[in-house]
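Beneath this line is the structure, given in structure tokens, with notes to follow.
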Amino acid sequence: MGAFLLSIGLLAAGGLGALFFSRRSRLAGLFGAGGALLGAAVGLAEVLPALLDRTPRPLRLDWGLPLGSFSLALDPLSAFFAAPILGLCAAAALYGVEYMEAHSSRRSLGPSWFFFDLLMASMLVLCAARDSVLFLIAWELMTLSSFFLVTFEDEKESVRRAGWTYLVAAHLGTAGLFLLFMLLSRQAGSTDLSAVPALSPLHADAAFLLALVGFGTKAGFMPMHVWLPEAHPAAPSHVSAVMSGVMIKTGIYGLLRVLSLLGAPPAWWGWCLLAVGAVSGVLGVLFALAQHDLKRLLAYHSVENIGIIALGLGVGLLGRAHGMPLVSVLGFAGALLHVLNHVLFKGLLFLGAGSVLHAAGTRDMEHLGGLLKRMPWTGSTFLIGSAAICGLPPLNGFVSEFLIYLGAFYAVVAGGAAWGAVAIGALALIGGLALACFTKAFGVVFLGEPRGEKAAAAHECGWPMRLSMAALAAGCVLVGLCGPMVLFWSSGTLLQVCALPPAAFQSLLFGSVLPPLLWVCGAGAALLAALILGALARAWLLRGRPVGESGTWDCGYAAPGPRMQYTASSFAQPITGLFSFFLRPRERASGPEGYFPASASYATETPDLFRERLYEPVFSGVLRLAWRLRWLQHGRIQLYVLYIALTLLVLLLWRLG
Amino acid sequence: MIWTLLGVPLASAAAAFAIRADGPRRGLLLAAALTHAALTAACWTIQPAPVFGGYLALDAAGRLFLSLLSALFLAASFYGAGYLRAAGRTKEEEDAAGFLFANAPEAVFTGCLLCFLGTMSLAVLSQHFGLLWVGIEATTLCSAPLIHFHRQRRSLEATWKYLLVCSVGIALALLGNFFLAVAARQHHDLLMTVPELVAQAGRLDKQWLKAAFLLFLVGYGTKMGLAPMHTWLPDAHSEAPSVVSALLSGALLNCAFLALLRVNAVLAAAGLADFSGELLVGFGLLSMAVAAAFIIGQGDFKRLLAYSSVEHMGILAFGAGLGAAAPAALLHAVNHSLTKGFLFLTAGNLLAASRTKSVGEIRGLLRALPRSGALWLVGFLAITGSPPFGTFVSELWILQGALARHRGVLAALYLAFLAAVFAAMASVVLKMSQGEPSDRLKEVPGDDADPWRFWPPALLAAAVLVLGLWVPPPLLDAVREAAAVLGMR
Amino acid sequence: MRPELLHLPLALFCAPLLPGIINRVKAFFAGRCGPSVFQPYRDLLKLLRKGAVFSRTATWVFRAGPLASLVCAAAALALLPLGGLPALVCFPGDIVLFAYVLALGRFCTVAAALDTGSAFEGMGASREVWFAALAEPALLLGLAAMARQGGELSLTGLYGSLEPAVLLAPGGPALLLVAAALLIITLAENSRIPFDDPDTHLELTMIHEVMVLDHSGPDFGLIQYAAALRLWLLGALAAGLLLPVRTGRPWLDLTAGLCGLCAVALFTGVVESVMARLRLTRVSQLLAAAAAFSVLALMLVRGAP
Amino acid sequence: MSFWLESLIILVVLCNLRVLGSSRLTACIQTVALQGALLGLLPVLAHLDALSARLLLQAAASTVLKAAVFPWLLNRALRQAGLQREVEPFVGFTASLAAGVLFLGAALWLAARLPHAGPEALSRLVPTALFTIFVGLFVIVSRRQAVTQVLGYLVFENGIYAFGMAFAEKQPLLVELGILLDVFMGVFVMGITLFHIHREFDHLDTDRLTALRDS
């Protein structure tokens, strides 16, 4: 655990250094990002070997609090989640150095870097914590530090609103976790997580539901996702990348960790996760499709991808509950790999969105366009990320979705037709809609002509930002091509999650899981090779031929311009119209009037269904109730004394009667 | 030693009334506070002998609360010295409605402040129920002029309500004393001291004892601020000068809590722990609920803090009533006092800078008053029980106690109220802290830099932070011992 | 010669015949004489010999689109069995790869269309992804129904185990529902009537044709060729299910498969001749119906023993 | 002895009813003064067999305070305030009297619940004391003016005093401290505050002291 602790120490030092030098933003950035990068490097040295190490040595220190202890251990499950945290945070820190530069003239960056390092450190501790109290403390610190990062630009009303939503949602979720962990520690007799005994079915069910709600809020399961589309756009982009890429995954980690403590799952847990996954996935991507704020779109996509992960977990749990080990392994493997993959492509996409924001000054897709020419690096990496998030071969997204599909197909064949079909149908629909969504995102932002002056004047970002995006894009391609290897590296984690006998697990892994994956990745490589060959052939074909350039063919329209292009809203309109029952888009239109119409406008917005129909009524109901109760304190002293007298009377009559 | 503990503040108070010059009087205030703190610190190593026939003695619970009181008073006295210096410069101030008002003479303020310390010490040190009651009663008396320091209509109204409501409550507590005496009536030899009654609890008449407890609960509960008897609290806390609010909330409420715990000890010894525990738990949850309702959308930040005190008194009662969580409740009393103390002191700084208590008129604290603004935000996190602050530990510990007693529903309610308060406070505090500074804060007087009024709250905040990371073993032992002394297990 | 090596070249070579057949059928119904069935070959050769004109707006994405869609279609062909001939590549789960490789091709086509910055191509792209999003669940659920009946997870395995007896076995008739769904998907994915009218050039009604308005020369040729391959791909799925002739003799089986493909082309031609294009809003209903067929089939088939 | 004690108890009860039913402030003050004087006699009558100097002193002190000093202070406050001599209740006099009867019933019921703990003659004192307490609280709650509230508080205290005198004779220290502080509290501080209220607001109507509220 030495290097791991050293890594946390480096992060602490970097964060405190940044805070100390807040007045000098360059130095603060140096400390903050330097701490993160060094910490990541040192931490990876410990974490990567731990991926396959099935006998971790726990570290246990007594501390000065009356409950809990400082107890850490890096088993494969912890390491599997800690590694992406280190990697993505390092990339984001590098990116942040340049990205935050623009803010340094107006305010001190020290606190921001401090909270960044704190966020990273708390996530690391969270992943390794083996004690309820330590876990809860790390969890809360993670929430708080990310809250302060989200509200970095607090002069904006929308950011403040987002910050509040995030903080409150996170806290409500945490309340569930408090109950969960106290329940577990009551059963265990101590706060040590490794001491949790086998629970009675009632307790286990309660614990599962609490975990689903508590961790689900952080992970972004619908309908607990409301904070996500608010907070991610509000945060600085490298923070959005970290939050969306790894922070929400701590919810998945928590769920897996608790599941590993609860023993054999009943089938309805799997059904729960499957339902949550299908709803989150389909509705998440539908809402994403309806957005025209680029970062909000990406945020809803996080909900979708979390839904895919939940589908995988659901398939895994159901497979386990119905005694289909292969299905279980495939489902869990797909879910785990999708965790990793989502880190890579969602991190990449948020960083790309940040570059766009940085260069063009707006996130509104209706004002963007044509950026691929102006920002070739950002555009190309964003394209890779877009294809990966749609789950297209030969990129990484396909690898994980393939595993889940395969699990579901095996389930259909082996007698679990109902849930297999739910998973297949949901995944297919999600896949198709995601394709629509990302062709829209990439096409509208990067292709065509700029729709605004700022977009026309955009420029490529500097090397730190480009380097971090390129690294993540390379990760997407590599995982896509080396899927079996990555799966092998995560086999320790997988074994832990599946809870199978090692020998049976090994034979399943090598006999039935890795071979198709090898084929898939081989096919991906072949596809790439064919593309390259094809490109050469095409170049050869066009060699010496007349190749002209001209304006886009517009069927004879006389004055084409950028404003003639299809907009993001119109692109998505057929699908959003089809699903308007869920999306309930709002239109604001002022049509052209008179013989010589001057101007006309049309705008749509799609507010969150659950926010509008579920949370706002509840909150305003509570608010109204509170206002009613206000009457109690109306200023008349007579009634104040009456309260006392009545209390006394009631108590005397009730307790003595 | 006990006589000194009581004598120093009271003698200084007498002197303060007599001294004419402002400077030496402020020096006297600091000196008295320092002496009291030093004496209290000494009590941790030397166990002071009981005096006055055992009526006055320092047990573990008393020591804990006395230390808390002394520490808070020390911080408040430094802050108060700075406050008086600033307030002394202007003869007349303008209130929110634009009326001019003068402050009470500084001598009266200082004298009453020291008297307040003395009477609170008396309440903490008393082992005799009558004397305890006298102490509590006397605190009301000394604090009334403090609340009425600003000679204006609103503070007068607050004082009137404080006096009347608390007098009714305290009179009921007196009746409770009588009932207790009746319960012990069959045994003429019984003294009305805590150890004696605890020792002989089995011989007390159960029915009268129960009735006595009900009266004490309502009586001291009024003083402690349990709903629905809390009505005086928001008025008094919001209208008093912030130093006084800090002491009221951080020290006075604790004294009443301790008084209630002492009665509870007798009941527990008589085998009526379930009877009293249920009531405490019920009132605790009710207070939390009522406080949550009033914190939602609260428009006055000092009232916000006052309602938060009601909430925390509810938490204390809840924890104490659960029995298993008693040490946690005592630790929470420590955390709450320190946190609320520094929050009120910070609120005083905000008020001095912005001249308004209205939440709606304050925006952008973090930019306008970086230091006080940051303290305000830290205070919010601390008071709502976020790590890494001490309140997190104690609230979690109380929750653990609730679950240990198989009270899942109660635990869920407790969490729900905590979450509601968090959400409500977040919306108020974040609105105040973030964004661009509002008009009220555009041109801020240099008060944010006044070290006299920055460091006391900052040091208290540091203490709360430390308690969240490391609870010193002596404190932990003290808390456990105090819980044992108070018969809670 | 191993038979699985044969299928790919055969398909690559014969695919353009299918649009030729369709055109011929349509001409017959219209009472015209019509072009030869080999006309698509001539068109392709001519296009490949031409130069090209590119839009000034477009980037490398536009240039890469046609090639990528062709490569994807060819890759999918490698997974496809035909009339008893196994596919070049087969492994459990290649169903999924098949569907997603096609999706990749679509992604590239759509991106290329958006790259021109033209309103019309944007419109076509929007409709393309709309229909595809609905067709994808229908396709995968249909294949899942077949997998449940056959107990196999690769295309080769599924089609290899099919024989007339399977269709007559308990649960077998449900597979006809899958066949119906596959036929609908074939029409939708290839932008055929009733989803789209490949003959009109009224841009507002078009989907696929309008997306490729700006391509010219060899790139356009690649697009036409890829379209023919896609017709082959999906048609083969439907035909394989409807004509599961298994004589045990590979050449006979292959011939049966090819006949099935021709039948699909004939069917398409007939449909195009006798039906009108649907209103756009009805299209999603038809695709939903296809998905419903698949789900129904999935419920009705008997699991493999 | 018992006869005198019981008559005294009945008189105290009647005083309570008069306070509830009277519309004149001065009459109320007189009644409370009378009640104070009666209660001053109570310990002497209750413990005729064991009279001590201390007991007599207590009785004398409380009689003087309750029967002379407080009424004088209240009358003075009334004079200074000038105008208001009506009681101005929230709850009408008839309704107040009806409530009073209810309180009497509740007091009797409660007293029956508590175990009997004292000489026979004193057993009537428990419900009386409780009744007085209830009436005092009721007056505080149901009357509009600050002076009336002080009056109500005095009645309330009289009830507690009655209880204390009857039972806690073995704890003289406790009783003395309690009475004296209550006196100090209830009147001097409240008197001072009344004075301030009058000065600041020019009225003694607590109904208008409602600036501090949340609704």
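Chains: A, B, C and D, in written order; residue numbering restarts at 1 for each.
In this text, a residue touches a chain if its C-beta (ideal position, glycine included) is under 8 Å from a C-beta of that chain, and two chains touch if they have at least 3 such contacts.
In this text, all values refer to a predicted model and were calculated from it rather than measured experimentally.
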Worksheet item: How many hops, at fewest, get you from chain A to chain C via touching chains?
Response: 1
Response to the item:
Most heavily contacting pair of chains is A-C
Practice prompt. Considering only mean CA positions as chain centres, point out the chain farthest from chain B.
Written response: C
Fill in: Geometric centre distance via CA averages, chain B-chain A, whole Å
44
Discussion item. Please tell me the distance, in whole Å, between the geometric centres of chain A and chain D computed from their C-alpha atoms.
Written reply: 69
Response to the item:
When centres are defined as mean Cα positions, the distance from chain B to chain C in whole Å is 78
Worksheet item: Quick one: chain C and chain D, Cα centre-to-centre, how many Å?
Response: 98
Worksheet entry | Numbers and ranges of chain C residues touching at least 2 other chains | none
Practice prompt. Please list all residues of chain D that touch 2 or more other chains.
Written response: 113-114, 137, 140, 149, 206, 209, 211-212, 214
Fill in: In chain A, residues with contacts to at least two other chains
627, 630, 632-633, 637, 641, 644, 652, 656
Discussion item. Tell me the shape of the graph of touching chains, choosing from line, ring, star, complete and other.
Written reply: other
Worksheet item: What chain pairs are in touch here?
Response: A-B, A-C, A-D, B-D
Fill in: Complex interface listing, chain A residues touching chain D
627, 630-639, 641-642, 644-645, 649, 652-653, 656-657
Worksheet item: How about chain B: which of its residues touch chain A in the complex?
Response: 160-161, 164-165, 168-169, 172, 207, 210-211, 214-215, 217-218, 222, 228-229, 231-232, 234, 275, 279, 290, 292-294, 296-297, 327-328, 331, 366, 381, 386-388, 392-393, 396-397, 399-400, 403-404, 411-412, 415-416, 418-420, 422-423, 426-427, 430-431, 434-436, 469-473, 476
Worksheet item: Can you name the residues of chain A that touch chain B in the complex?
Response: 63-67, 133, 136-137, 140-141, 144, 151, 154-155, 157, 160, 163-164, 167-168, 171-172, 175, 178-179, 182-183, 185-186, 622-623, 625-627, 629-630, 632-633, 637, 640-641, 643-644, 647-648, 651-652, 655-656
Discussion item. Per the contact definition, I'd like the list of chain D residues that touch chain B in the complex.
Written reply: 113-115, 117-118, 133, 137, 140, 146, 149, 153, 156-157, 160, 163-164, 167-168, 170-171, 173-174, 177-178, 181-182, 184-186, 189-190, 193, 196-197, 200-201, 206, 209, 211-212, 214
Response to the item:
chain A residues touching chain C in their complex are 369-370, 372-373, 383, 387, 390-393, 398, 401-402, 405-406, 408-410, 412-413, 415, 417, 420-421, 424-425, 427-429, 431-433, 435-436, 438-440, 442-444, 447-449, 512, 515-516, 519-520, 523, 526-527, 530-531, 534-535, 538, 541-542, 545-555, 560, 562, 564-566, 570-575, 578
